[in-house]
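In the two assemblies presented below, chain A is common to both, partnered first by chain B and then by chain C.
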Partner chain A sequence: MITLELFLNAVVAGLMLGGFYAAVALGLSITFGQLDIVNIAHPTFVILGSFVAYILNQNFGIDPVLIGVVFMPVFYLIGTTLYRVYYVSFERTGQESLSGLAFFFGLMFIIEVVLILTFGVDYRLVNAAYIGKTLHIGFLDMPFRMLVPAIAATIMTGAVVLYMTKTFMGKAIMAVSQDRLALQLMGADPIKVKRIALGIAIATASLAGALLIIIQPVEPSVGRLYIGRIFAIVVLGGMGSISGTFVAAILIGVVESFIATFYGPSWAPAVGFGILLLTLAIRPQGIFGRA
Partner chain B sequence: MGNSITVKDVEAGYGSVRVLHGVSLTVNDGETVVMLGSNGNGKSTLIKCITGLVEPSAGEITAEINGESINLIGKTPEEIVDLGIAMVPEGRRLFPALTVEENLTLGAYRPEARAKIDENMKFVFETFPRLEERRKQLAGSMSGGEQQMVAVARALMSDPKILLVDEPSVGLAPILVSQMIAKIKELKDIKNLTVLMAEQNFNQAIKIADRGYIIVHGQIEFEGEDTAALENNDMIKQYYLGV
Partner chain C sequence: MIKKVMSPLRIIAILAMVAVVAFAVPAQSKNLKIGFSMALTGPLAGAGKAALIAMQIWKDDINKKGGLLGRKVDFVFYDDATSPSKVPGIYSKLLNVDKVDLVVSSYGTNEISPAMPIIMRKGLVFMSLFGLAVNDKFNYDRYFQIMPAGPIPKDDWSRGFFNLAMAQSPKPKSIALLAEDADFALSAVAGARRHAKRLGMKIVYDKTFPFGSPDVTSVMRAIKAANADLVYVGSYPGGSVGLVKAANELGLKAKMFGGGMVGLQFAGIQKNLGPMLNGIVNYDFWVPEPTLNFPGVKEFLKKYQAGAKGKGVDPFGHYLPPYAYAYLQVLGDAVTAVGSLDQKKIAAYIHKTTFTTVVGPVKFAKNGEWAKTRTLQVQFRDVKANNIGQFNKPGKRIVLYPSSVKSGSIKYPYKQ
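== the complex of A and B ==
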């Protein structure tokens, strides 16, 4: 028997879960969706963000969300450095499709192994006053450990969408994979544009990682669970559309929440991919994909 | 305060293939100069040399911008665009998945153009009202003629002093070619541009050119001081006019 109360709680839980998925998928939406860089290591950078939050939270008691925001410039620099290596090693010689994929795959393992050697495979968590508390509005239950990440993720996505649509650099990022020669004729340096874009993408992993460790305990290889899901979200939303990624993340979140509530959690991941396949059959460019 | 281009003894090519063999030409302040020649003779390569997309192996290319002489050899395309030299590339090269408006905005990327973006956007919409109607449409979904309008308008958004136009007639119906050529002339007059145009459609190009060059196998075969000189040239008669 499905009651209205259960139904609405499933919706709200799904919205919050989807908001968090958006934070993890956002960076991939930039690298994979806008730059055609298959950064399979993105979830691992998210885990790196989780461990930064863990260290500073455990040692100094700093709020994890604050840590995530403050460390964005550091992650931005990691991203721009990463692009320099990627460009010199693969893109300049036109080997990015296969060797580039292997590069990010290797990078994923290296970061993971370094984290395992440093922290072991135990699950780590953070402490904050609001974790464990729940906001009750009528019969709706909103645990703060879900609500805070969802709000932070929405703000971060909104900021990135504004940057992409309102600034010249943002528009150049949207254009760079479409025709890099034409972009040069506009007076923009495509290599610099991609470097900044990858910097922004990795910067989002700093906050996404902090949000992840608020939601659940984290160990170094937990990022693997997100690889398939976030690629599905980016493709579902439409390549190159960041708002599309956000909508797709919310959609997947709500559907997973429904399945988990009414059929059992083990079905949830399968349903996400089911939606992806169904959508691609009807609308190959994704929900918000352009042409 | 002149804006001109001087190309001197330029040699260039791709890999081991030499395309240009010592090409020299000048485009003086306020002139419309046409470079005539059929496919594969080096017109596009020369334009690419001027914009820095192809690096010449020998020769000099200088531009005069507001009276100041600047060596273009060794500069990146971005630096050359920053000087106020815009190019309408062959095949239009729009960003197909961006809207008309987004394409035009990117045209104003260089710092000097950003300050004038509203004024220039208004100007290109007045020049091409069709683009204003379709400002929210994806550039890739427009017709060939409309795409060529976007390409020209996008180059103008960079607020150029010198405009390089590579084969504006490619892929357009004859009536549209005629309109596009007339538009380039109109824009040149309003904006006081210095224009270098590569074109194989002699009859259309000659309508707006002050003078021209004929380029064959990477060499300037003939320099016509005015349109009459071009029309009376034997090569032109043979290849284009069928006389």
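== the complex of A and C ==
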């Protein structure tokens, strides 16, 4: 039975879940949506972020969100280095479509295996004072385990949107996917622009991973469960649109929450992908994509 | 003269005999190979790797005693990556390329079922590790399953949960059923559904949720809104953790909560959930209660805990490892008793024998399941925060069912 209490709680739970999805999809929105790089290993970088948060949280008791933020520069450097390898090996020779995809597949497995060999396969979790507690406002229940990741994800997305729209480099990143030659004529180096963009994309995985391990236990291969969902969010939002990715993530989160609350949780992914197909049929470029 | 002529012939004959013996001896003493696939990566790898440690302890133990049939035992195994689609290929390779002498299963229902057709075609004895009701579909008379689910596995699995519930006063009248969308969890909840109907309970919620769902808060909210007396869940580690946390965050008011939640048996997860576990009644197979102190189990766990250090697996190994050791004990004892690798004779021997193992006496029913259920229902009690060591001692998981190994009484309702 649909009551106002259940209805509003489903909306709030969906917003929080969607916020977390946005954090995971944000990096892919940059690489896939703006750079046209099919970084299928992105969820694995998110898991890497989870393990970094796990190590420092368990050994030093540091808050996982703080760890995620502090390690963003390290992940940024990983991203820029990764782009150098990708550019020299594939993009420069025009082999990025299939070979590049294989490269990221391989990278995904390598990172997974390294994590397995280093940490084993047991489930890992973090501790934080707010995990297990709930913010009650009237009849609204907001577990901090979901609320904190949603707030952190929103701030991160806002920061990236600001960077993309207010700085020269941000605008260059958005331009590089549209017209590389024109960008060169404006005096910008597309290789450098892409390198920075991939750095930013991988940097977001540091925080996204920390948020993930707050929400659920993590083992090295759990990232695979997110591949389909986050690609769907990026496409639904519109290729290249970070705001669109955020809106799409919120939409998928709210729809999943509604379906889980009122119909049957098993239908949630099917309905989410159904919305994707419907949107693409009506608006092939996605919600915020340019025609 | 004759003597001189005969000598080289004699030498050749002796050399020939030596050669025959030299080649024959290695052939007879060729190591006995046991083949299997195992989930060493993927979502079930935590259990799979722990099982492998236990199996290697058995291999070392049996080889110290001289092996099986006078031959040292070797393992040939491949990682199935918790992917059922890889399992048939692995067993084909084990049997046709590696030419293993015996096979045992991987861990878990989803990984056991795909191996069955090829095992049955070859007529092999198949000891399996924690498959729920796999043989219901195959009716294979050489299949033996070590998890103590019982002769009617789907129903026996949750029988204890319902027996406990119906012994309370007033009796619970309604139930919510929730299953994660994968084979084992669906089977466990199917059995619970039959019990609920048999007992005339009102099923107020009966849903499944996708495997690996990142957040189940909305699911738990819907269950809470259904206001059931009992909440029976079949889930895997990620889902189990999410549901326990959501139940605490939202203040679930059920009288009993738990049932078939995988993951709550693992020390790392227990430590993280801490006091959130208190009151939950869930299945288990071995806990450090005095009623389950079978001969050899403590010695085995000591070896396991030493072997598990630094391997990123469950440090205590209560749940699965003793059974991973025991299913090889059964196979080894049967091969030794039969004195050959004749699969028909081995199967017949396993059917008629009660085995002494580290998980206690094991007797199989006709369908290869345990002749009598010993699926424990345990209740978490007095669990403190951030203390993993507490779970290696008695008093934290009280055995409520079955009565033969009961170590305490239920606290009901689960949350006051």
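Assume the second predicted complex is superposed on the first by the 291 of 291 C-alpha atoms of A that agree within 3 Å, B and C clash if a C-alpha of one lies under 4 Å from a C-alpha of the other, contacts with A are read in each partner's own complex, and residues count from 1 in each chain.
Everything below uses one rule, namely that contacts are C-beta pairs under 8 Å (C-beta built on N, C-alpha and C of every residue); 3 or more make two chains touch, one makes a residue touch a chain.
Just so it is clear, the model here is predicted, and its values are computed rather than measured.
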item	value
Partner chain in contact with A:Phe168 - chain B first, chain C second, else both or neither	first
First, second, both or neither for A:Ala260, with chain B first and chain C second	second
Contacts of A:Asn127 with chain B and chain C, given as first, second, both or neither	second
Superposed model, chain A: greater residue contact from chain B or chain C	C
Chain B versus chain C as contact partner of A:Gly14, first or second or both or neither	second
Touched partner set for A:Ile252, first chain B, second chain C, both or neither	neither
First, second, both or neither for A:Ala53, with chain B first and chain C second	neither
Contact footprint of chain C on chain A as seen in their complex	1, 3, 6, 9-10, 13-14, 16-17, 20, 112-113, 116, 118-125, 127, 131-134, 141, 143, 145-146, 212, 215-217, 219-222, 225-226, 256-258, 260-262, 264-266, 268-269
Chain A-facing residues of chain B, complex	51, 53, 76-78, 81-82, 86-87, 89, 93-98, 102, 105-110, 113-114, 138, 140-141, 154-155, 158
Residues on chain A engaged by chain B in the complex (per definition of touch)	168, 171-172, 174-175, 178-179, 181-189, 240, 290-291
Residue ranges of chain C touching chain A (in the complex, touch as defined)	40-43, 45-46, 48-49, 82, 181, 207-210, 212-219, 221-222, 225, 237-238, 241-242, 245-246, 248-250, 263, 266, 268-269, 272, 276, 311-314, 386
